[in-house]
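A, B, C and D label the chains in the order they appear, each numbered from 1.
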Amino acid sequence: MYSFKNDYSEGAHPRILNALIASNNEQVDGYGEDIFTQRAVKLLKQKIGGNIEIYLLAGGTQTNLTAISAFLRPYEAAIAVTSGHIVTHETGAIEATGHKIITIEGVDGKLTPDLIQPVLETHQDEHMVKPKLVYISNSTEVGSIYNKGEIEQLSRFCKENNLFLFMDGARLGSALCSAENDLIFSDLRTLVDAFYIGGTKNGALIGEALVICHDSLKEDFRYHMKQKGALLAKGRLLGIQFLELFRDNLYFELAKHANQMAGLLRGEISKAGLEFLTHSPTNQLFPILPNRVVNELQQNYAFYIWEKVDNDNSAIRIVTSWATKEEAVLAFIKDMIKALDKCK
Amino acid sequence: MYSFKNDYSEGAHPRILNALIASNNEQVDGYGEDIFTQRAVKLLKQKIGGNIEIYLLAGGTQTNLTAISAFLRPYEAAIAVTSGHIVTHETGAIEATGHKIITIEGVDGKLTPDLIQPVLETHQDEHMVKPKLVYISNSTEVGSIYNKGEIEQLSRFCKENNLFLFMDGARLGSALCSAENDLIFSDLRTLVDAFYIGGTKNGALIGEALVICHDSLKEDFRYHMKQKGALLAKGRLLGIQFLELFRDNLYFELAKHANQMAGLLRGEISKAGLEFLTHSPTNQLFPILPNRVVNELQQNYAFYIWEKVDNDNSAIRIVTSWATKEEAVLAFIKDMIKALDKCK
Amino acid sequence: MYSFKNDYSEGAHPRILNALIASNNEQVDGYGEDIFTQRAVKLLKQKIGGNIEIYLLAGGTQTNLTAISAFLRPYEAAIAVTSGHIVTHETGAIEATGHKIITIEGVDGKLTPDLIQPVLETHQDEHMVKPKLVYISNSTEVGSIYNKGEIEQLSRFCKENNLFLFMDGARLGSALCSAENDLIFSDLRTLVDAFYIGGTKNGALIGEALVICHDSLKEDFRYHMKQKGALLAKGRLLGIQFLELFRDNLYFELAKHANQMAGLLRGEISKAGLEFLTHSPTNQLFPILPNRVVNELQQNYAFYIWEKVDNDNSAIRIVTSWATKEEAVLAFIKDMIKALDKCK
Amino acid sequence: MYSFKNDYSEGAHPRILNALIASNNEQVDGYGEDIFTQRAVKLLKQKIGGNIEIYLLAGGTQTNLTAISAFLRPYEAAIAVTSGHIVTHETGAIEATGHKIITIEGVDGKLTPDLIQPVLETHQDEHMVKPKLVYISNSTEVGSIYNKGEIEQLSRFCKENNLFLFMDGARLGSALCSAENDLIFSDLRTLVDAFYIGGTKNGALIGEALVICHDSLKEDFRYHMKQKGALLAKGRLLGIQFLELFRDNLYFELAKHANQMAGLLRGEISKAGLEFLTHSPTNQLFPILPNRVVNELQQNYAFYIWEKVDNDNSAIRIVTSWATKEEAVLAFIKDMIKALDKCK
């Protein structure tokens, strides 16, 4: 049984484990004040540039809830697509901090100014929440990415309307390394007000690096982290990993590998005449397969059945990662083709 | 410079790193549904016994806030000593989930039924919060421990008064391995309603194992974890560590080592005629030193100055851990005696 | 200028003011423990029957947020139609207490089991909130009502699925007195788990009477009220009003008058060949008028423009109340017909 | 049985009821946008002066929780005396909005810079909440008042330390009309950052007028009110009352009457050789009586037994109000003296 269920099925990239071992006996301060975290932050600042602040947190939900609740006043709300991770898969974590999420039926998992505008028009007085933060994911929950033009439009729109633009980058690596991407890492510091660089889904054991770009969002952020339980005593665990991921290009190489494996699958699935539920140039694919093929493949491969498309077909989710083995991909393709033939 | 600042200055015990490496390529499910977590939970259940549930979380503040907010209804409050960790060093994390902490000036960092009784008497109607959970730490924030009789008294009192008894076990290892301890690990399941087994401060990279004993506290706990950002995608990271710590006696051996190192220090400090701020039979010591000795020692050792005792003397905090080296302890003692001589 | 903007434009029914005067010098206990509140509660219990509890609160948003946050555990969510008052016009008050509202595009402002079922199917694990309470309004925000069969269906569905059914009765009087209504006041105690009887919009100065039917929701409710600032020091103000509204049939007579005035308008507007945005048999009407007629009417009447229907027509909202004067209604009708003629 | 239990035992001053009747048929806008509220706010602004904002809320707990949660960021805390109303008698309402209250054992129910300073010194980093708002009551919960010099000291200290100074004025009338008071109403606008003028305990049915002096606290306050359920649909109820209380000197005349009645009691109780638990120059007195006298008086008078002083004596609380009748006071005194004689 080989798993394509997600990009966090394995442990960490070996270089990360090695870095943990190499640094293990060094005595350092706790709670993110260690030398490794300091170096990782410095390194990331150099790569991203500008007057930014960086904090390392353990996971995506923790980062979303800590950041969004820190950025909003009590009556302010976030705006997100209905498929947004904070909307669907975080057990109401944002609402638990007191904030409504206003949802919009996006296009291809994405938001545009045109989609947001009506929300602003209908939220005009104190009987409603005040929309204040636009939450987007890149790549999105359905594998799509924002190109530079799209982000620029959103960014301009948010600035004009006094909205913060926040990018969930749990899968930022895959997005930035996509063949269709034209966004540069350092573009983000001027285009969004805060974003994070997902480590957990790209080779780390745990860890997301939150980058705060907008000055007004920086104040006292470590207080928010501590209050939400997001300040690890052994903050070194996060620092060491991000240091290793970014001291050369490891982070992007891992994402590229995941994308290549997805590319292999995408190409062969297309060749086999199958369609996809969404346009995904990243490491999550949503091919539509006959149910009988799905059943057949489930004998040897683990993946999620995403959506019933019609009585005979379902979209499945296949996720590749830094750890995905090419032979597993090739075997999957072979088995899929065999199953398609058999089910004709 | 050698650090006695805390018990989370180094990485993890080598066996834990080895376990991470050995398991690294194994594909497992996410969010704590992996085989390692399952095995760790099963193992701990065997050791503790009884009808308990176990959940693995990343750190102490996270565990405290997730558990306490899950256990209380909105108008219910926790009771704690004024030196309690949730009172002093968690940035209002419990209050941020909506709950007041009623504080009591404890004795030696500990609570007794007699100290709690007046709180119950003054909280009798709906104009005040309803006290519902007694928070204790073992070992406490000042290094003291609860003996079995003390816990039994508290336990009985809490049952009689419809209060939950919750034990913060961030340093449970050191407490249970203290020479003065007469409490057995498995006693806890009947004496307290929930407790946790601290990993971070006893050799793990991160991780606390929350044990829920009282049936009424078990329902839907994973929902609470997810909502608070406490469900790690790579839950394996926690499972693997607790599996390694408890598959033999590693957890307790590490605690014993920390206590032995503390014992060495305690003995020599006493012999030198110095006193301690608190009675600590565990891995945190609070000796009172002349300020000039403190200054001298700070040249080569890192530790916290805990409290000004008088114009000439201060209590410092020295913490030992699984990683503390005996030669460092001996060197510290030697340097301390030298400094004491010099400062006479 | 005569206002049809809402049903809280005037003060209170004269009998209520008289009751306040008559009781003014009587000394009573505070915080709802006064004799008037006790009598009002007793009276309402007699009228509704069954083993219920009743609490008097100041307003609708306060009642919704106090009740819903009391009824749900932190990870549990409410379900409501997108037009629901808690969704649209309470500034995220429910989310501010930590709970997500799952919204459903209703039919005619109402929910049915068929609409709720898919929500239950997609909320199955701890990565999502747990739907636990169905919020409905009667009459709804668009003037429609639930008939007995509809409530029975919802009630059965909720019981089968372990959901609480909560009815916002800010305009319960108008609903129960509607010509189309077949629901009896006392039916509610077995059909819903909690509901409230709106006073503010039916002749009181302020006040909503929350009726808790389901045993598990009753515990310690006054603690919740106090914590949310909903326990008035002079609780007598609420008690006296509800006592007066229910000691005979005043509450229903006032609602009937509001409905009669709405009926007059509805009939004449229909006769004039105009249509309505929603089917409302209660005191809120949403007729669709040519914009020029709207402009004309705005010279002498105040009302909300609810929705642009097309370039030439808008739906307006006309609300009648216990205080609406028949001559004002007749004048409005006359002016409307004149304006329609003129605008042809 | 005559009640001295509190200052909200009766209804409203007759002039307030008359004002409600006189305005009853006037149609006005809802939610505090009515002409009465506007006039009341304008009038209060003239009396207080300066660039202030004023909002009318229903009660004390509601005002405290709405204001304090609006003024603080999530990790910021309030400071209060242990006897402060928000600490003891609001069911954790402040904590329920997410904020810790740091308590200080005050002197005579009051805070001073010297008492606050150590709190600032021990709250220095992100492991603790950040103290940000000093909550005081005037008059205090034990009847004492702040004189001008004391407030000036606190005000200066707060400004120097970047703290907001917030005054709970539930009994502000009695404080400002005390014979020992040297504070002028309009002084408050420069000395505190926000305060409220209590109506409920000084002749109104309900109502507190919150005055926001500090610019940074003003933004979007109505959003906070609506979200907390504090925006009454019939906001006129509050506006009419404050208009009547302040269109001449009614508010202060009522407070003076309460103080005179307290003065009568204070004088005679002193003359009888009894002592008081606290120094109260306002409408709450805490005389210490032999228990047998207390029992005797309870036959005909209602009051709270505040504290057991020793085995034979108790402090009781006697509260006078705008409605307290002189003959009742005289009768109480007579009965007390009789009982004292009898119990000798």
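Worth a mention:
The rule we apply is simple: a residue touches a chain if its C-beta (ideal position, glycine included) is under 8 Å from a C-beta of that chain, and two chains touch if they have at least 3 such contacts.
Just so it is clear, the structure is predicted and the values come from calculations on it, not from any experiment.
Most remote chain with respect to chain D, judged by CA-atom centres, is A.
Simply put, of A-B and A-C, more C-beta pairs touch at A-B.
Chain C has its Cα centroid 51 Å from the Cα centroid of chain B. Our note on geometry: chain A versus chain B, Cα centroid distance of 34 Å, whole angstroms. Note on chain placement: the centre of chain A and the centre of chain C lie 42 Å apart, centres being C-alpha means. For chain C, residues touching at least two other chains, in rising order: 74-75, 90-92, 96-98, 126-127, 129, 223, 226-227, 231. Those residues of chain B whose C-beta lies close enough to touch chain A in the complex are 2-3, 5-6, 8-12, 14, 17, 20-21, 23-30, 58-66, 90-93, 96, 200-201, 205-206, 223, 226-234, 236-237, 302, 323.
Residues 31, 69-70, 73-75, 97-98, 126-127, 129-130, 220, 222-227, 231 of chain C are the ones that touch chain B when the two sit in their complex. Residue ranges on chain C touching chain A, taken from their complex, read 74-75, 77, 88-92, 95-101, 103, 126-129.
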